[in-house]
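Report on the structure given below.
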Amino acid sequence: MTIQSTPAPDWRVGQWFNTDRPLDLAGLRGRVVMLHAFQMLCPGCVSHGVPQAERVHRQYAQEGVVVLGLHTVFEHHAAMTPLALEAFLHEYRITHPVGVDVTVPGRTVPATMQAYAMRGTPTLILIDRAGHIRFHEFGRPEDLRVGLALGRLLAEPWPATPAVASPGGKDGAAGGCDETGCALPE
Amino acid sequence: MTIQSTPAPDWRVGQWFNTDRPLDLAGLRGRVVMLHAFQMLCPGCVSHGVPQAERVHRQYAQEGVVVLGLHTVFEHHAAMTPLALEAFLHEYRITHPVGVDVTVPGRTVPATMQAYAMRGTPTLILIDRAGHIRFHEFGRPEDLRVGLALGRLLAEPWPATPAVASPGGKDGAAGGCDETGCALPE
Amino acid sequence: MTIQSTPAPDWRVGQWFNTDRPLDLAGLRGRVVMLHAFQMLCPGCVSHGVPQAERVHRQYAQEGVVVLGLHTVFEHHAAMTPLALEAFLHEYRITHPVGVDVTVPGRTVPATMQAYAMRGTPTLILIDRAGHIRFHEFGRPEDLRVGLALGRLLAEPWPATPAVASPGGKDGAAGGCDETGCALPE
Amino acid sequence: MTIQSTPAPDWRVGQWFNTDRPLDLAGLRGRVVMLHAFQMLCPGCVSHGVPQAERVHRQYAQEGVVVLGLHTVFEHHAAMTPLALEAFLHEYRITHPVGVDVTVPGRTVPATMQAYAMRGTPTLILIDRAGHIRFHEFGRPEDLRVGLALGRLLAEPWPATPAVASPGGKDGAAGGCDETGCALPE
C-alpha cells in the first residue's frame, strides 16, 4: 500500500511481554519501528508475520530497527487471553517485545488496531525515524519487499524529512481467516 | 520406530470436535487408523503434524483411513483449554475428528498419552485393521514414509494377521519444545 | 491417473549412468519399479521429480524398490547431451541409475517415451512385481500419494495377481514448460 | 561479507542474452547494480541465486535496480556452453540480461570471476550508483538481507559518496558443490 507520510498514532497497550518497561512512540524517535499486528490463532500470523518480525528483530535490532508485536484480538477473545499469549510467545521462542492492544467496551476491534485503521491480521507497519507511517499492509509482504523498505528507512538521515514513499503492494483479502490472514468484517 | 504388533489401547476422550458421536477403537475394526497427538501451542504440531493429518484425512478418508487428532495437553493447561482448541480448529480449518485426552488428577500427562507411552507432541501412531499398533513415532515423519506405511496397511486384507513391521525411523529429541516438537521431561 | 493393469513395455536405453550393467524389465520381475522420466533442463523435473526419485532410492532401495531415471529429451537436444547429463548427475549428487532414452530418426519424441505414451516431463510410472503399470502420471505427484502407492505395491505378495488400481490423480497441463513440467505439443 | 567501498572492475562478456546491446559499468553509473554470478548446473544457483535475481529484476527494475547475470563457468565447460545456457534461460523463464564471462586461455577461472575475486557460485555483488562494490558474498544471502542492502543503496542520493558499509554475512564453504553452491578449489 503506498503511504503518504502520516504521523503514527500512539499505541495503547494493556500488558507487555519481552520488555521490562513500556515502550512508546515518542521514546523511539530517531529509530525505525516495525510494528506488526497479529493474533496468536491467526494462521497467516503464525506462519508468516510473527516469524518474519522475529527474523528482523534478531538480525537488525542492533542496527536501529525496533520490532514491536501488537496482539490485536478481534475474535475468539476467550481463547486468546494474555495468559494464552504468554504461553504462545514461550513455545514459539519469540524474543521481541509484544504488547496487548487494549479492548474498547462495546467494540470488537481493540483501540490501537482502530487508531491505525488496520483491516485484519497480520498487518505490517513501518514507521520512520521522524514518527511517520511509511508502509502499511495487510497480509503477507515478502521478505524482499520488507527488507528493501527497511533499508530505505535506515538510510534516511536523522533528523530529516522523509521524501520517498515505500513501494506499493497488493492489499489483502477481506472477511474471515484464509491463507493470507484474518480480516475484519467490512 | 519399528513396532512389533501390539494391541492398541483404548483412548479416553472427554470432549469431541468435528464428529457428532464418540469414536472408539472397537468400532473402527477393519479400518486403518491414523492417530496423531498434538498440542495447539506446539510449533512442530501446528506446522507439521496437524496439516499432515488433515491432508491424509482429505485425500484418503474415502479409501478407509480414519484420521483422529488427540489433544494431549501436558503443559500450559490454562492456555490450551477445550474452548481455545475449538477456536484453533476453526481458524486452521481442521475438518477431521479431534478428541481431548482426559487429564488424570495429580498427573501432568493425560490418560491416553500415558497409555500409549508417548514421549511428547507431535506423535504419530498408525493402527492396522485388526487394532494393532504398527507405527509409533515422536517428531516429524515425512509424507513419503507416512504414505508408504499407510499404503502397506491399506493393502492388508481384512480379516488378516499382520506380517510385516513398518520401516524404522529416528526417535525424536527429549526435553521442552524445539523444531521437532514438545517433549515430556524424562 | 487411474491405471488398469497394463504390461509395461521394455525401455530402450542408449547409455547408462550410475550402474555398471544395463537394466531391463525382465530382470526386475519381483521388484517394485519406480520409473521417472525427466529432462535435465526441465524446471519441474529438477525441483520435484528428480529429488523425489532420489529420496525414494535412498530410503527404499533396500526394501525392494528399484528407482530408474529415464532421460527423455524431446527439445533442446543439442544442450541436453549425454555429456551434459553426466555433469548434471554429478553436480546434483544423483546416485540412482539413469538411462538415456534412444532417439528415433525423424521423430522428436524418443523411443521409450513414445512406447509409454508419456505426455511430457516429469512423468512418474510405477510398475508392480509382475511387470504391470499401476501408476502413470505427468506432473508433480506429491510424496504422500507416491508413498501410499509404493506401500500398496510393496505389500503385494510375489508371485501374485494385482487386484487394486492406484488412486486417481489430476492430469498435467499441456504445451511447453511451466511450473508443472514440460509438455509435448499435442 | 563486509565491504569497504571498492571500485567495481569492468566485466568481460563474450555473449549476451536478454538484451539487445552490451551493458558496461560506465553506462550504468547512477544505477544500483545487482550482479549475480552463476553456473547453469550449480544446484545452489538454480534453486536460490538465479530465482532471487529474477525476483529482484521483476519487482525493482523500474525503481532503478539493474540486475545482471554472469555465467562464470569454471567446471564442466563442455556441458555449459552458451547454447546450453540459452536453453536454460528459456526453460527457466529468465528475463534479466545475462552475459557469458570470457574464458582465459590456460586458466580454469574465467576473466570477470577472477577480476572480482569470486570464490565460487552463486556469488552476489551489489554495486552502488557511483560504481563501488558494497556487497560481495558467496553462497545464499537471504531475501531480507539482500532487500535491506538494496534499499540502502537506492536511498543514496546521486551524485553522492557512499558512507555506510553493508551488514556482514557469513562466508560460504570451500571446495566442490554442496547445498550452498559450487566453490573453486583453494
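For reference, chains read A, B, C and D in written order, and residue numbers begin at 1 within each chain.
To be clear about the criterion, contacts are C-beta pairs under 8 Å (C-beta built on N, C-alpha and C of every residue); 3 or more make two chains touch, one makes a residue touch a chain.
Note that the coordinates shown come from a computational prediction; the quantities given were computed from them, not determined experimentally.
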item: Most distant chain from subunit A, judged by the mean position of its C-alpha atoms; value: C
item: Interface numbering overlap (same over half, different under half) for subunit A and subunit D; value: same
item: Gap in Å, rounded to a whole number, between the CA centres of subunit D and subunit B; value: 48
item: Whole-Å gap separating subunit B and subunit C, where each centre is the average of the chain's CA atoms; value: 34
item: Subunit B residues counted as touching two or more neighbouring chains; value: none
item: Overall pattern in which the protein chains touch one another (line/ring/star/complete/other); value: ring
item: Chain-to-chain touches, reported pairwise for every pair that qualifies; value: A-B, A-D, B-C, C-D
item: Complex contacts: residues of subunit D adjacent to subunit C; value: 41-43, 46-47, 76, 78-81, 83-84, 86-88, 90-93, 177, 182
item: Touching residues on subunit A, where the partner in the complex is subunit D; value: 55-56, 59-60, 63, 142-156, 164, 167
